[in-house]
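Two complexes, one shared chain (subunit A), two partners (subunit B, subunit C).
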Partner chain A sequence: MSRRRQLAALVRKDLRLELRTRETIVAMVLFAIVMMAILQFGFGTRDDDLTRFVGGLMWVTLAFTAVLGVGRSYVAEREQRVLDGLLVSPVPRVVMLGAKAIAIFLYMTAVEVIVIPLVGVFFVQGPYWDAIGWIAIAALLANACIALSGTLFSGLALFTRARDLILPVLFLPALVPVVIAAAGATHAVAGGPHDMSEWRGYCLFLLAYAILFSLVSVATYDAVFDD
Partner chain B sequence: MISARGLVHAYGERRAVDGVDLQVDAGERLAIAGPNGAGKSTLLRMLATLLRPRAGHLTVLGADVADDPRRARAGLGYLAHDPLVYLDLTARQNLELYGDLYGIPDRDGRIDDLLDHVDLLARAEDPVRAFSRGMAQRLALARMLLHRPRLLLLDEPHASLDARATALLDSELGAARDDGRAAVIVTHEVERVADVADRLVVLRAGRVVLDEPTAGMDARAVRRRYEEAAA
Partner chain C sequence: MPGERAALIWGVVATILVVVSTIGVFLVAPEDADQGVIQRIFYFHVAIAIASLVAFAVSCVAGILYLRTRSARWDDVGEASIRIGLLFSVLVVITGSIWAKASWGTWWVWTDPRLVTYLIVVLIYAAYFVLRSSAEDDRRMRYSAIYAIAGFASVPLSFYSVRVAESFVHPVVFTGSGANMPGSMLIWFVVSQAAMIALFIALLEVDLVGRRSERALRRLALRLENA
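And now, the complex of A and B:
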């Protein structure tokens, strides 16, 4: 049995479900926009330049948006009671992890296609658009971190009764280093001269975090589903 | 096909399955019956590799499920209370998904054959959400048979099937016996056991209290033996 074929089938299934229901991505985008509006009003008017806070504002918004998306990652399996069908099939648990992580990565990327430009509109008065490529690279690395850690924690929370409470309690602390690094990388390039050495350092940290969580996930995911 | 020795599973302090020994050979159809809470579904979930035994040793299709559950899973067909299909995907998309998970060659041809077999070919492109309960269970039957499993595990299969699906299932169980596949059927409908199984196992409080062939028994005789054992 080809793991690649299994992985592709599971990712295709998640994308088909999302295309048909349009529940997760739409909710994530709306949530992120509302949160940015709240932050904008919370900080004051557009006259105040929020450029120096832009990294934090963007990544706090995206972190909470990620909690929303990750929390919905097993909703179809849970509500439609399909999980046993997947678990009784000969799919390695790590392939299930990989498929969910890819789906979350794609959802986050879709949200950021809208959110990252909007951040420039909401919060930045200085130069921003020339930095968007560097911000996007940092965002892709952060998405890998979010997807890998989020999949692991949503799998852990899946078998608990208070899963909707447990997931944010587990997941948000794990996101703190990601928010710090992604916000730092964004701050390094947005709104003024680019500090590429600072940006590079934060991106390397995100890469290391993603590798670490992929190793932890591979080592533990069988136990999450089989015990 | 199945060899279980001293299987135990507990929910907290309560032992749902308490030292069960079970042997199922090729071509054999075993019915497991018992009162509510006897441990039937828990035992079936262990045989399906969905629950790990707390103690004991279990071999399914030649694979030790503690060491190599995936090898066992590749040859299992599992029919549960729920159809185990996505309601927002079409019947065909659901079978394509499972076809890829099981690595079926000639997936599309096999899906067409099975959809035709369960009388759903005309509704193949409809989302399962639009199906009646009976249609969804027929799709579940197709899902279970898709990868030509050598061992069928069925949890109360007749409880939610319509007449068409019941006839299909019974004919499939007959075919399983004829071509050397095995089946384990958890059931409350003891009267059906004589028709669909060659052996009856009765569980009570997680233990096997009866294990005997049904050959020569009619529905009333099976009911009488069950009631004697389960009392």
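And now, the complex of A and C:
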């Protein structure tokens, strides 16, 4: 079986599990909406214009949602012993990494398909779809960063003691630059006139982050499951 | 013992350089026309920052070497480097905060990406010890090595992020076209830098000698128990 078919089969496995149980994405979407409502009430009074906080509101929410999603992503592997089967099968570790990263990327994208337009309705000033389009591009880049670093860190946390606690401790500090850049890119286009040079700068940062973490993940993922 | 001799030599070198640089910075180097005496913190702040990055680079290289050789020696070097690097990083944040108070009138500036990303680097490396304490034996060394490599990937991101946002207040002394300071200041910066690097190597050697002695003692205790 070629690597491409192995990758497609593993991604299909994750997506099929999710479609059957609908556990992760539904919980992530609900969590994101609840979190945004809480943050909204946490900021100032009702007559304040929160447009200048929109990037922060959205990306803090999505960062915590990502922790939730990434934490759930290895549940089947761990609890139903899927990992044992995968590790003895002739699937290269890098293919496992790629498949898990694609699954997390798709989970995050599914959440953002609902969250970003919703945020836009409440906070975006100026042409709606124009701003949503630019935010969506930055979000796709941020998803790549989240998926690559999340796959590596959730693999590390998988067999540790108190893994549910370890994952956020490892993953959230690594996510802070992504939150800074994604929130900056969102802010650059959400408040009326677009600052495209700032948006481009933040997107380039996200691209650099994704490239760097893809190199690190590919180089080290073999050792994560080297038992 | 070659390790002990190296620790002694580096200890002496570091002591001499720290004393010389302290005298030079406070008594010989010219005072900055704009900032006055507080600018002298720059010689330590930047030198410690660079030394901490060197420590993290050493831990990354030790991580790579551990994954290649599986020798516990490289795990020792990696852990000791991160311990010292983290200590230096906390000092960078403290000295930076003191400088910020004197120059900008506030202890912390959240809009300055370099200060903020340096704090993130501290958080990333603090998480290293949480990960280490939650895994055992070979897994602990393997995960630590992987995390040291992934953690070091965040260091260039902290440098990149400072140039992404256009509105930052952090002084950038070293640019692509050289150092923005006169030779009479640069020389004392170089001495300070050498002192901090020597201090890092001395602390590393002392730490490694301590670990070797501890292992030797444990072996001896085991032999005595068996005898």
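A few points about this structure:
Rule of thumb we're sticking to: the second predicted complex is superposed on the first by the 213 of 227 C-alpha atoms of A that agree within 3 Å, B and C clash if a C-alpha of one lies under 4 Å from a C-alpha of the other, contacts with A are read in each partner's own complex, and residues count from 1 in each chain.
By our rule, a residue touches a chain if its C-beta (ideal position, glycine included) is under 8 Å from a C-beta of that chain, and two chains touch if they have at least 3 such contacts.
Because the structure is predicted, anything quoted here is derived from the model rather than measured.
After superposition onto subunit A, the modelled positions of subunit B and subunit C are compatible, with room for both.
Which of subunit B and subunit C touches more residues of subunit A: that partner is C. Residue contacts after overlaying the shared chain place A:Pro92 against subunit B, while subunit C stays out of touching range. Judged by the touch definition given at the top, the superposed model places A:Arg81 against subunit B, while subunit C stays out of reach. By the touch criterion defined above, A:Ile166 lies against subunit C but remains apart from subunit B after alignment on the C-alpha atoms of chain A.
Centres of mass aside, this uses C-alpha centres: at subunit A, the angle toward subunit B and subunit C in the superposed model is 90 degrees, to the nearest 10. In the superposition on chain A, contact of A:Ala219 is made with subunit C only, not with subunit B.
Note on the superposed arrangement: subunit B and subunit C approach each other to a least C-alpha distance of 6 Å.
On subunit A, the surface patch touched by subunit B in one complex and by subunit C in the other comprises residues 226-227. Partner subunit A is touched in their complex by these residues of subunit C: 67, 113, 116-117, 120, 123-124, 126-127, 130-131, 134-135, 139, 142-143, 145-147, 149-150, 153-154, 156-158, 160-161, 164-166. Contact residues on subunit A toward subunit B in their complex (touch as defined above): 1-2, 5-6, 8-10, 12-13, 16-17, 20-21, 76, 80-82, 84-92, 226-227. Subunit B makes touch with subunit A in their complex at residues 48-50, 52, 69-71, 73-74, 76, 78, 80, 82, 84-89, 93, 96-98, 100-103, 127, 143. Partner subunit C is touched in their complex by these residues of subunit A: 149, 152-153, 156-157, 159-163, 166, 169-170, 173-174, 176-177, 180-181, 184, 197-198, 201-202, 204-205, 208-209, 212-213, 215-217, 219-220, 223-224, 226-227.
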